[in-house]
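Naming follows writing order (A, B and C), and every chain is counted from residue 1.
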Amino acid sequence: MPLVRISLLRGQSPEHIRAISDGVHRGLMEAYGVPADDRFQLIHQHARDELVYDADYLGLHRTDEIVIVNIIAGNWRNTAQKKALYRAITDNLVENPGLRPEDVLIVLSPNERDEWSFGNGVASYVKDDAA
Amino acid sequence: MPLVRISLLRGQSPEHIRAISDGVHRGLMEAYGVPADDRFQLIHQHARDELVYDADYLGLHRTDEIVIVNIIAGNWRNTAQKKALYRAITDNLVENPGLRPEDVLIVLSPNERDEWSFGNGVASYVKDDAA
Amino acid sequence: MPLVRISLLRGQSPEHIRAISDGVHRGLMEAYGVPADDRFQLIHQHARDELVYDADYLGLHRTDEIVIVNIIAGNWRNTAQKKALYRAITDNLVENPGLRPEDVLIVLSPNERDEWSFGNGVASYVKDDAA
């Protein structure tokens, strides 16, 4: 179900980007119970002056390795699950590709169960239509 | 009212992309009653490794002709209208440019009536301000 | 707290883009009370045929200097605050870089307080976790 936009600065290796992609998805599996094959991600690489971030907001120091992960996901998760998601994704990206935890920003964008169509023109998560 | 982000892989012809753009907008007109001139779309073309999708999630087979349509639209539509939208957009894109229906993914992102400003610094859909 | 996506056509100068980035952020500070250092923006530059807009929707005339500002921001602002935001951002961009007010489009995408993690894997705006 999630649709994930991952934004980062240009110039990272394909392996680096792949590790981020993998770690974000693994976090969604671990904390939200998302199936392994429910994986849809858009990677946006930005020039240096196209990604504006404050290096010290809330007292955390950020660097040009910053990754901004914007996840559109159904609004039926509670705060505990969201916290578990931040923890899981961040831990994964610290492990590989070795990001600093301060460089992982995650923003959730909620929507409803009937707002997903994964093909064939049907509302994939609405019961009478899912077949 | 809708703001539409259309994401697809690089390398398609301008005609192909134009047909997708047209078909998505026509679907919004048909199913949501969006006026013909209420058309605002952002096309994001991605390199192969910047668009990650599962080829078989929910038992539908997807290909590199995949199109992910993320529509920010007011939250005042019901499930029947959303279903009609998925059907209309998908049928349009099957007709032209000839996409497989399994390759059309649609994700709706809801917002409120007072969250739109179409210019001049006013809340375009709030009555006392619309003039 | 806001995460801002600014979309415009390629070919503008870095100074032009920087003025837009500054003016949007200043508007958020003025109307929403966003701290100066709470600044996170993604600039998306599009080729001419990747940014589709209607030049006359709602009777306002738009040009290729159009800027579409999509702001993910917490849903706890009221209509008056949103109106003040449209006014502030638009006035700022008219002043510098000198945009026409008709060319400034703003779309808000709401989310919840527990949907933000600004680093370290914590829910930054949830009290017991913010430390």
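One rule holds in what follows: contacts are C-beta pairs under 8 Å (C-beta built on N, C-alpha and C of every residue); 3 or more make two chains touch, one makes a residue touch a chain.
Values in this document were obtained by computation on a predicted structure and should not be read as measured data.
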Worksheet item: Quick one: which chains contact chain B and chain C both?
Response: A
Item to complete: Over half of interface residue numbers shared between chain A and chain C means same, under half means different, so which is it?
Response: different
Worksheet item: When the C-alpha atoms of chain A and chain C are each averaged to a single point, how far apart are the two points in Å?
Response: 21
Response to the item:
Listed in rising order, chain C residues that touch 2 or more other chains are 44, 109
Worksheet item: So in the complex, which bits of chain B are touching chain C?
Response: 3, 14, 17-18, 21, 35, 37-45, 72, 109, 111-112, 114-124, 126, 129
Worksheet item: Quick one: in the complex, what on chain A touches chain C?
Response: 7, 44, 46, 49-54, 56-58, 60, 62, 68, 70, 79, 82-83, 86-87, 89-91, 101-110
